[in-house]
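By letter and in written order, the chains are A, B, C and D; residue numbering begins at 1 in each of them.
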Amino acid sequence: MSLHPEVIRLLIFLVGIIAFAALNAAYLVWLERKEAGHIQRRIGPKEVGPFGLLQPLADGIKLMTKQLIVPAGVDPILFKIAPILVMVPAIMSFVTIPYGENLVARNIDIGLLMIFAFASVNVLGLLLGAWGSRNKYAVISAARVVSQNVAYEIPMLITVVTLVMITGTMNLHEIVMQQQGGFWNWNILNLAASPLMPVAFLIFFVCMLAETNRAPFDMAEAESELIAGAFTEYPGMGFGVFFMGEYANIVIGASVATILFLGGWQCPFGLFPGVHWFLLKMYFLIFTVIWIRWTYPRTTFYSLLNLSWKILIPISFFNLILTSAMIKVF
Amino acid sequence: MKLNAIKQALAVIAPEALAEAEHAKKGALLDVTVSATQVVEAVSVLDKEGFFIEAITGVDWLGEKENAHKDAVAAAKKKAQDAGKAAAKKVADAGGDEEAQKAAQKEAEAGVAIPAAPVEPFSEEMEVVYDFNNFAEFCRVVLRTRVPRSNPEVPTISHIYPGANWHERETHDFFGIKFVGHPYLAPLLLPEDADFHPLKKDFHV
Amino acid sequence: MSAFAQTQTNETFVLNLGPQHPATHGVLRVKLVMDGEYIVDAEPVLGYIHRMHEKMGENRTWAQFMPNTGRMDYLHALAYNHGYVSVVERAAGIEVPERAEYLRVITTELNRISSHLLWFGAFVLDLGGFSPLLYAFDDREQILDLLESVTGSRLTYCYFRFGGVYNDIDENFAAGARAFIKRLRERMPMYHALVTKNIILMKRLQEIGPISEEMCRKYGATGPVARGSGINFDVRKHEPYSIYPELRFDVPVYTEGDSMARYMVRMDEIEQSMRIVEQALDKLPEGPVMAAKAPKIIKPAKGDYYHAVETARGSFGVRVVSDGSNTPYRLKLRSPTFSNLSLFGEACRGMLLPDALALMGSLDLVIPEIDR
Amino acid sequence: MIDYLKEIISGTWSLFVGLGITIKYFFQPVVTVQYPRQTLPMTPRFRGHIELVRDEETGGTKCVVCGMCQKACPSGCITVEGEKKEGGKGKVLSEYTLDFTKCSLCGLCVESCNFGAITFSKDYNLAGLRKEAYVFDLKKRLEEKK
């Protein structure tokens, strides 16, 4: 029996994606701790391995060997299914992300749409996990997550629609190819299409933070208010999978921002494009996400909604109208 | 001057119980003793004058009167002794013999009255102390009231000063003093089921 | 059974905030009746770290109670030391040499700065910002090093004695304190740029948790809580003790009454305390640090005595009743946070949970001091 | 409208200022001490648990078993016992026990001593698994230190 080469290719990519996602989750924790340490003028992890590089391994072993407690009174099905519901869509989103010219598992014409569709499922996982764990803090957190995500999908999607209007495609590969040449061709500096593109990037970035529940929008976890929010009752690897899902979502968010605004794998000067440029930009964005987390206090729930409805949505709408007008005129 | 205003106002309630204190020695400016029934009235006056509540606490004076009696007896005995000795010396100086000295001593000693033991047992008391102060001008007023130890009851002032709520609960915890009319006189600092009052002098660990 | 049993309906639920909760700083428990994320009613439940210091005092000699005072408010231990030694000195009529008073004020004010710095960090941590906490700790460590070089310990100092202080400062202390003040002066703009002016923090604190002047009076709130509500009340000015009348400093007062006002009061107080330390170092007289006539065994005359001091959290008063023996007959410790927290139940009604936590943080709670 | 835009711009600016501060610290050297690997010198006045002082003349202790420290201790963690000196006045120390589990490190005992017989140790690594390990026999400790 011989397998179709496409199937083999897909299998290889699937293994690669899962490995990439898991490795990223593990080493982003390391990066987060190390970066937080240095921002706070400490060293961060340093005992396990050189520079603490084996720390994620030790953490992983610790999490896996912990007993999986299902507390009394929880909904056992929802409680167990929720971490998977967070992890799986995150992995699925990786499928269409082009890391290099040929480094993409499946080049789909509506790749952008698919990523946003899967990103919304992430909320469902948190909601079910929080509801299923039957903890008052978790339920408050669930309510926060849902309305937060609903509020932030809107400006994010409006911004993306603006971008699709400019590029005329939803194929991520093509979006990157259009930004060839140099950093002046990237969408973030595509001032001919709309003078507000840098602002649009900022809006997208803020929405991405909110979507992935990162500080300063980490109201769902909010350790000083809700203990650990939706994860309060989760022990061991249940928590671990949630955690990996969160970090996978950050990687996806940063990747999408890189593709849409920062020219994907293109070199800023038009030389030697390739996956290294993609990773460089993506990790820079992730670095910024972590950097932001260790700088700001948390916002409150209503000021977050205020920000979304009073500032981000009007500006992104204005940008949409401006862009469509510019496209019509020129 | 807050002090004068409050003195005039409080003098209506408790005319003879006002005592001005020296701040450098006592830490307060005015020391007022009222009866338990006058507490609410006095506190209302303080409230009207814009005072804030600093603290409420109690003092258990268990054995105070007994000790005072003992002290008085000891003092009288000492006085009698001294008087006797003096009388004896006088007689000796005058050239009287030993018997005359003794007789004079006895006579003089009998002349000093020694307080008699009371027929009834001493009435034991507890004291509730309220501290008030003023934001605008320094004026600490100490309000005291004495209640019988067997049935310590004081009307609450938590409807005038909501802050007194916790102070009264704490005082109830420690001394078992009941604040009549208090909305929720449950243990505050002690465990929920505590039935002891640790600051009573007959409570021993 | 609880104080607000009658307010419960089917629409609300009870949330137990604490005794183990990251925002309650220790072992405070607050029973919240919540309607969604809105607080319908709140009742702080105390006593989880109650140690009955007042009874301990009745079973110890006057001097033996000294270590206890530093263990009530472990963040501003020296002010509690100060309050206790002052009342006993008042009762026993002990004169304190001038140099000792200066040393008391210098160390107490340094301790106040360290207390405010820790509050600042912990408060921002309550609001979700982590890094300012460690920056504040970095500065606080310098103070702890200074105080350790004088007192020998880093937290529960027990440095004052009836009639003076335990030992004199060493030759490096004055220079070290000046260097520290210079360093902190340079760091304060950083704190303001990073935290105070941050739009997120401003949105979280401005107009959140208003406490009116009248409410402060009714609940007996003192310290930065009262000063944030427009009440110019500072025991150091109001009822001057020690050498404070000889020093020039301002009492920061903000009239807004919100959490931001209380925050600003404390930040300004750090600067004022630096001023006080500098002046006191300049004026520091030579001489003994212990009264020559201070008796070894204290037996104050019969009577009761009160003394209040301004701690980082408000007016701390000690009332002692002496029966003339070598142990206190009664020792009442009036802790400021006890009164400050008592208004929380009323103030947080109708607030959202995160705002109520911002309010709670701005009250600057130290639970061992409330529970005593 | 102008206020609205002004607030957005000043707010965003305050956020960038914050980022600038944290990144500056990111590149500055760390200030922490890696404790078990590095240690700091203890200050000379450090108040650790107490220790008996050696009398340089006799090689024994300076303690005359007056019991002042025992009386001064608020927590009652000091027990001093002595026996009659052979052929002389006064007592010699036979046992000096410090129950460190009760000690609050206040230092009142050292202050109460009129003979300079006790002092603070600089020992701060005080952690253990057994409670009994913290009932110190100070006389034995002094002899072992030789």
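Convention: contacts are C-beta pairs under 8 Å (C-beta built on N, C-alpha and C of every residue); 3 or more make two chains touch, one makes a residue touch a chain.
These numbers were taken from a predicted model, which means no experiment stands behind them.
Averaging C-alpha coordinates per chain places the centre of chain A 44 Å away from that of chain C. Separating the centre of chain A from that of chain B, both taken as means of CA atoms, is a distance of 71 Å. Note on chain placement: the centre of chain A and the centre of chain D lie 50 Å apart, centres being C-alpha means. Residue positions of chain A touching 2 or more other chains: 39-42, 294-296. In chain D, the residues touching two or more other chains are 15, 18, 21-22, 25, 31. In terms of inter-chain touching, the protein chains here follow a pattern that is not a line, ring, star or complete graph.
By the contact rule set out at the top, the touching chain pairs are A-C, A-D, B-C, C-D.
Those residues of chain C that touch chain A in the complex are listed here as 13, 15, 21-23, 36-37, 124-131, 134-135, 138, 194-195, 198, 200-201, 203-204, 352-355, 357. Chain C makes touch with chain D in their complex at residues 60, 63-68, 71, 131, 135, 138, 145, 148-153, 156, 158, 166-167, 170, 190, 193-194, 197-200. Residues 8, 15, 18-19, 21-23, 25-32, 34 of chain D touch chain A in their complex.
By the touch criterion stated above, chain D contacts chain C in their complex at residues 10-12, 14-15, 17-18, 21-22, 25, 31, 43, 45-47, 72-74, 104-108, 111, 120. Within the complex formed with chain D, the chain A residues making contact are 35, 37-43, 46, 291-292, 294-296, 311.
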